[in-house]
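Structure first, commentary second.
Letters A, B, C and D mark the chains in the order given here, with residues in each chain numbered from 1 onward.
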Amino acid sequence: MKVTLIKYTPEPERAVAMSARLCYSAAGAEELAKTMSEAQVDKLIEKLFTMGHLSTFEHVSFTFAIEGVSRVLTHQLVRHRIASYSQQSQRYVAEHGFEYIMPPSVANKPEAKVKYEALMRQIQQTYDELVALDVHQEDARYVLGNATETKIVVTMNARSLLHFFEKRCCLRAQWEIRNLANAMLTAVQAVAPRLFAKAGPTCVTGGYCTEGDLSCGRVNRDKPL
Amino acid sequence: MKVTLIKYTPEPERAVAMSARLCYSAAGAEELAKTMSEAQVDKLIEKLFTMGHLSTFEHVSFTFAIEGVSRVLTHQLVRHRIASYSQQSQRYVAEHGFEYIMPPSVANKPEAKVKYEALMRQIQQTYDELVALDVHQEDARYVLGNATETKIVVTMNARSLLHFFEKRCCLRAQWEIRNLANAMLTAVQAVAPRLFAKAGPTCVTGGYCTEGDLSCGRVNRDKPL
Amino acid sequence: MKVTLIKYTPEPERAVAMSARLCYSAAGAEELAKTMSEAQVDKLIEKLFTMGHLSTFEHVSFTFAIEGVSRVLTHQLVRHRIASYSQQSQRYVAEHGFEYIMPPSVANKPEAKVKYEALMRQIQQTYDELVALDVHQEDARYVLGNATETKIVVTMNARSLLHFFEKRCCLRAQWEIRNLANAMLTAVQAVAPRLFAKAGPTCVTGGYCTEGDLSCGRVNRDKPL
Amino acid sequence: MKVTLIKYTPEPERAVAMSARLCYSAAGAEELAKTMSEAQVDKLIEKLFTMGHLSTFEHVSFTFAIEGVSRVLTHQLVRHRIASYSQQSQRYVAEHGFEYIMPPSVANKPEAKVKYEALMRQIQQTYDELVALDVHQEDARYVLGNATETKIVVTMNARSLLHFFEKRCCLRAQWEIRNLANAMLTAVQAVAPRLFAKAGPTCVTGGYCTEGDLSCGRVNRDKPL
């Protein structure tokens, strides 16, 4: 998996803080942007986060190029609707010589690994044969596995990212999208540490768990009644 | 493919017309709902459609149960973000004995069909073997094909449906999601004929085509300059 | 203020429960809809709510006709973006003889009330004079007060409503939109009691408060760390 | 009115083009971003626009600080839901000494102007008196006019902006929000001329009009049947 933060709104923390200040001030936005100190930005973002006033976090967006992930992952990913996606198309891009993702639980079991690899070769062969029989690649791809590697560009604003990290950094998320979420979190924390200082699953950010019987048990406390 | 309209807002046409009238009237909503004749509803909906005042079409929603479709289709479907989805999970539902979709272009070529079916059997066998080797089904499913049958419940409001039909009833859409879109269109036209009287691709609704070089050629006229 | 629930998805609780069951079952949606008992619906909805799996709550929508509210209220209301609105237009509807809303804090102070009413009469007079001077009503309305009565039709799905109730039933919300939220909550609880059994501000639903220094003090506990 | 583009995604045109190329290419996003020439970016954006493949335009966002506008304008503005807003609050910011907007149709009629200004003074006086009588400013503001000046920070992605320009640069939009839309369009064309080369109302971009009887008459041609 390769996750690259390719674009983001410049000075994201200042942009959020300035937008928030505007709501409670008679001064204009530009004036506010110029005169806020780093310490003021810091303090204001912490307050916004604590009070759950996250609409101001929407003013900054982050765009990621993601490669080396399966279509299992992207089918889960694109369910997050407050986001924008551009995905490599299996209708227009031929999959002769496709790469594939192998779950660690398979890779770590030699017997499983052998069967998995053999099936991937078989899938490749059948795909190639179907195309050779003049089946268009958009139909031939019906035989491709969920494991097939894909590429996708994703843009989310900071508020949507916080929600994404809450759901997908959780140990109950599947390993692949959790790995993606963690990589995205690391990338945004590098450029906007204050915005994402407390990002993550509710056990980390709130000390409680909503997963019920399926909880990983990291915290014992349910969401407070 | 089985498409069932399981729920929808009662009296959808009256609901849209009443909401629209409210914008231009000093009277209240209830009063408007009661006093509008069928002919007035009819005329008003046509006018709203022609003028592109489609926000009023959002007040009514339609929920479909969709079965017998592939994960190719659902991966395309869930890209429509102004909609709500509940999909059968391959994490929680075991796929021993999965059904699969076969594209007509494969079904109609005996040689292709044989290869396709053989591969599906091979996928089933490998999936079962992986699970037998204690690979959790959420990881075993990486070998499942795009062709694997899935079920999904979808809710869209009428405006979002009009957009969906414009894009997915087009001959440039892939056959499977186009079949779905046509089945959904038939279902909503049966209960709300006025709302969907002019639904479909732009060649049908506007007499022009935006597909450029990829156009099916049904109309020659580009979008007017 | 007059709040009327004019339309909603039939059998909303069964619709939610059925959609949720589909995700975890090999059976189809229609079959599930038929065979679930009331007790099963009840139990499943409670579980979905507790675990925060609220996407299934999106399949059901509720449409309200709202009258006798100010434009203060509607300017706050339409900030909720996962919703659909049709509002009485001040561009197209003349405001000769407009009604207005008076805050209780004004109504309860005779001296304030007198001044408020006098100003409203003055506004009406100036509006009428501007129109008489051939100022179009869409410009004449610049003099109308925030207090001016308006009408609006609103549709939200159950998930969006839960969010709306969390924010707007809170004592920190302004009295007018809080009154609206409470009236909407009463209306939906009458037809879908299970879906909205635990709706309301976080002090009621979770026993904690995120309002910080601005908290009403009903609960002392902050959001758990 | 003062409109300032305060933040935007760097290299917006390249970001859009690169995301689009990914869909149709086996190469990765970073590689594509580096190797595309200006001419390729140019040509691709034009093609995307013509074919209506605008989802790639969502990857870039633009943030504006807007001052010197009325609450008539912001009530219209915030109806655009695929956008993010932070607005100066009349609950938390006192309006002693508020500024106000005057429509040109009033400003150009001396008799109307005098009445308008007199009423604004009267409103200010009553607002101040109510606050002096211990009416909280969140309630005192019920007397403030639609004309009252406000400030707002708005973020939209390029696709949402194109829709906004289509609706609000139209001569049928009210003068104030049309002035805003034109100022925003000028600002984004300066930094992303290719993305917004064909932005505007449908009479400009498509040569047709959907306003029916209310059309300004700039073009006679209806939307093609």
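The working rule: a contact is a pair of C-beta atoms (placed from the backbone, for glycine too) under 8 Å apart; a residue touches a chain by one contact, two chains touch by 3 or more.
Everything numeric in this text was worked out from a predicted model, so none of it was measured.
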If a chain touches chain B and chain C alike, it appears here: A, D
Chain centre separation in whole Å, for chain B relative to chain A (CA means): 26
Cα-centroid distance, chain B relative to chain D, in whole angstrom: 32
Between chain D and chain A, distance of the C-alpha-averaged centres to the nearest whole Å: 30
Shared-contact residues (touching 2 or more other chains) in chain D: 85
Chain contact topology (line, ring, star, complete or other): complete
Touching residues on chain D, where the partner in the complex is chain A: 2, 4, 6-11, 15, 18-20, 22-26, 28-30, 33, 55-56, 58-61, 63, 65, 67, 84-89, 92-94, 151-153, 155, 157
Contact set on chain C toward chain D in their complex: 70-72, 74-75, 78-79, 81-82, 85, 90-91, 100-103, 105-106, 109, 111-112, 115-116, 118-120, 122-123, 126, 129-130, 133-136, 138-139, 141-147, 174
Residues on chain D engaged by chain B in the complex (per definition of touch): 47, 50-52, 206-208, 210-212, 221, 223-225
